[in-house]
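Here chain A shows up in two complexes: once beside chain B, once beside chain C.
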Partner chain A sequence: MIFLRRQLPLLITLITGLLFAGQYYVPHPASEQMLTSATKWLQIIGGFALILGVTSLFHQHAVKITRQEAGWGYSLVLYAGMLGTIAAGLWADGKEAVDGAMTAFGWVYNFMMVPLQGTMFAILAFFIASAAYRSFRARSREAAVLLVAAVIVMMGRVPLGEYLIPLSGDVSSWILNVLNSSVRRAILIGVSLGAIALSFKIIFGVERSYLGGGKE
Partner chain B sequence: MTMPFELIVGAWVATGLTLLIFTFLYKDNPLFKLAEHLYVGVSVGYIIVKTYDTVIVHLVVKPIIDNGEVALLVPVAIGMLMLTRYVPKAAWMSRYAFAFIVGMGAGLAIPRTISSFILKQIEDTVRPLLSLAGPDGVTFSMNLLNPASNLNALIILFGVGSVLFYFFFSIEHSGAGKAVARTGVIFLMISFGAGFGYTVMARMSLLIGRLTDLIEFSDASYGRPTIWLSVLIIGTLIVLGRRTKPTPPEV
Partner chain C sequence: MMSFSERMLKIDRRIIFLVIGLCTLLPLLYPVGLPIKISSEVRGVYDHIESLPEHSVFLLSIDFDPASKPELYPQAIALLRHAFKKKLRVITMTLWVSGTGMADQLVTQVAKEMGKEYGQDYAFLGWSPGGPAVIINMGQDLSSAFPSDYSGRSTKDLPVLEGVRSLKDMTYMVSLGAGKPGVEEWYVFGKDKYKFEMGGGCTGVMAPGLYPLLRSGQINGLIGGLRGAAEYESLIGQKGKAVAGMDAQSATHFAIIVLVIMCNAFYFSLRQQRG
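And then the complex of A and B:
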């Protein structure tokens, strides 16, 4: 039983890991076909992973409603929004528009989801600004550099900024394309080295936390 | 020209939801929480429908029925194994699904990460410091505005090297190493500042979008929802504010 519960999953990881790492070095149509199929398989399995997450959300709010805990009315609103959207989506076959005409699902997307999402992220502008005021006060040389770079990029992204500081557009582009990209490149190289090390650890069974806890 | 009914209702709903979220700028309140929960509900519902349509309908059902691709039942079975998490005695079977996904992800990641994120990035960083000019001459272009100029190539090389050195802890950052690491920090700070500024402006762009909608929906052809709903929401906030008794400070 220990083989089925503990060792077989590790064996599956080892075989699939080596197989798909090796696939990259085999430029044969069959190898490409295997990659295409495997990508499709991953998408399908990922769909089932969504069920796990959604069920957890369903359960959490259902418990809140049945026990009538504080704020259970909001959980009802969540349920109503979710079930209403699902009903509209299934009715419209998951399409926002049919022959150019907006479906009920498209209506939910355009007049509910887009405004809610847009506004939710838009209000972050205010909070980012207030957070910046607290944290950006140039208390050190590094903080001053950060502040100056942020101000130049902000000014360089809008016509008014370029009007007030004529060079800000060019300097902003230079910061983003040269200085920023060099840092991103360095971080990317570092993160990639870490990802490769982790991948090897997973394939060879050194890292097993993804299997979860449990008795065996 | 008369406005279609669904557009008018949509304008009222969109305006109402936008204003409900904006009430958070005043303080956390029941109206905001209502819109917040509705947002989560609608988003989850949307993802469920899209996943159902993309995965179940277009990747599983149609290929099996139309093309007889019964092999697709294998990933379905692997996916179903994930659901054994809900049966304590069979929960260990979900490990097969996770093992497959994680193993495949790790296998796919190794060669592609080395190729795209390490070798390609190094190739773009280590560029010739001089350019060919004419049949037998070389030049060093100083144009900062051209990311491909020789001066910028030198700056990028130094930036990448100093930032990598800053994160390299196997040798002590002292003497010349300290100066290089300090330069790396300056590069990092500039990048964080640029990232911050860029994010702020992206949020501002969203804010402008929402305000543009509110201005458009204040038009008489929509029934002026912006004005009426603003009055209604401000009134509700005042009523809610009066009903909420101030709590005495804890001693």
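And then the complex of A and C:
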């Protein structure tokens, strides 16, 4: 059993990891065909992952409801929403509209999901303003630099700022194109090197946490 | 007893909410219409589409959901209007399952407005699971990633996709992304391997993160947030919701700047009082 639980996954990881890292550099038709098949599998696995995610969500909230944990009422709302949407979706064959007429699924999407998601995102503006007032203070020299840069960028990104201080647009653009880009690039290079190192550790079986715990 | 500065620093947040609410609402009701300066980032996308010959294949990936609709929907409308006006063959799709219905409505609405025929001038492929895997699969074989379009028609039978077998056959591609998968994934898994020209669009908060791709020429243009959408609307000469929203954005930005200055003034005054 230890072979199936430990050694086989490590072996699959080693072979596929090396194979597909190498595949990128081999433009031979056979190599391309292998990539086509593998991505098809990935798409199929992606579909199953969605089912797995939904099942896991249902299970988690079912436990909350049966144990009547704090906020179990919200779990009940989630169940009603999910089951209702799934039923409406199956009934309408996944279509929001049929021959120009809106289906129940389309109604749920247009009049529940769209406004709810929009509201959630719109609320952010209010909380950001409140948080900025409470915490955006020049407590140190670094914080002061950040504050000045933020004010310039905020001014330079709107017509009113450019109208009142015409230079703010160019300064804001310079901050974004030069300062921001160079720092972001440095972070990206660091993260990418880290990702390469981690990939090697996973491929060669040094990093095994993805296998999970459990008895050997 | 609390000093004035202390009281101001602990101001009820509902007052801030009210200020932001008014700053958003009033300019929408009474627009000023300040001029919008066009940035080189947005012009990059516009100029490239403008330079494409008729019947070039333009892929628009609508990678966002209704949460980002206020910023990215106007971008998508402006891009589609421009592409249709240029008589390009427009292929649309999404990598975000929750954005599928919205993307379908968006494409249908603009195509109807521009008098375009489905299948002949444009197509909506819908959504397929896998995120980045869909991009690679499209790069290998488009009909394998999307055997049928959103309405169930075989993609192989769509005249608009004639001669288009993979991403390599796309003349230009723009991803309007609100997160992952989005612009970065399209570059890493798509453009880098399958060598097509690419531009991007994103929400305002994401734009600074994509500047490295822009500066290195990995994407040839970037439409950032509502401001980017307003610039694009100005470029195509069809002002819409983005231009209308710019006054509100101007006012809210200024309200936040004033609030930040005020909070710092009170903070330093309090520090001085306490020695």
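Just so it is clear, the second predicted complex is superposed on the first by the 195 of 216 C-alpha atoms of A that agree within 3 Å, B and C clash if a C-alpha of one lies under 4 Å from a C-alpha of the other, contacts with A are read in each partner's own complex, and residues count from 1 in each chain.
Quick note on the criterion: contacts are C-beta pairs under 8 Å (C-beta built on N, C-alpha and C of every residue); 3 or more make two chains touch, one makes a residue touch a chain.
Given the structure is predicted, the values throughout are model-derived calculations rather than measurements.
Touch counts on chain A: comparing chain C and chain B, the chain ahead is B.
In the superposed model, A:162 lies in contact with chain C only, and not with chain B.
Once the two complexes are overlaid on the shared chain, A:190 sits against chain B while remaining clear of chain C.
Using the contact criterion defined above for the overlaid structures, shared-chain residue A:50 touches chain B and also reaches chain C.
Of the two partner chains, neither chain B nor chain C is touched by A:3. By the touch criterion defined above, A:83 reaches chain B but does not reach chain C. With both structures placed on the common chain, the touch criterion links A:129 to chain B and to chain C. Within the superposed three-chain model, A:113 lies in touch with chain B and with chain C [touch as defined at top]. Note: residues 24, 40, 42-43, 45-47, 49-50, 109-110, 113-115, 117-118, 120-122, 125-126, 128-129, 132, 147, 150-151, 154, 157-158, 173, 176-177, 180-181, 184-185, 188 of chain A belong to the chain B contact set and to the chain C contact set alike, using the contact criterion stated above. Against chain C, in their complex, chain A makes its touches with residues 24, 32, 35-36, 39-40, 42-43, 45-47, 49-50, 96, 106, 109-110, 113-115, 117-118, 120-122, 125-126, 128-130, 132-134, 136-138, 147, 150-151, 154-155, 157-163, 169, 173, 176-177, 180-181, 184-185, 188. Of all the residues in chain A, the ones that touch chain B in their complex are 4-5, 8-10, 12-25, 37-38, 40-52, 54-55, 57, 71, 74-75, 77-86, 89-90, 93-94, 102, 105, 107-126, 128-129, 132, 142-143, 145-154, 157-158, 170, 172-193, 195-196, 198-200, 202-203, 210-212, 214, 216. Those residues of chain B lying in contact with chain A across their complex are 6, 9-11, 13-15, 17-18, 21-22, 24-25, 33-57, 59-60, 71-72, 74-76, 78-80, 82-83, 85-86, 91-92, 94-115, 117-118, 121-122, 124-125, 144-145, 147, 152, 155-161, 163-164, 167, 184-201, 203-204, 206-207, 209-210, 213. Touching chain A in their complex are the following residues of chain C: 9, 11, 13, 16-17, 19-21, 24, 34-37, 39, 65-70, 97-98, 101-102, 104-105, 128-131, 133-134, 136-137, 140-141, 144-145, 193, 204, 207-209, 211-212, 214-215, 225, 227, 246-247, 249-257, 259-264, 267-268.
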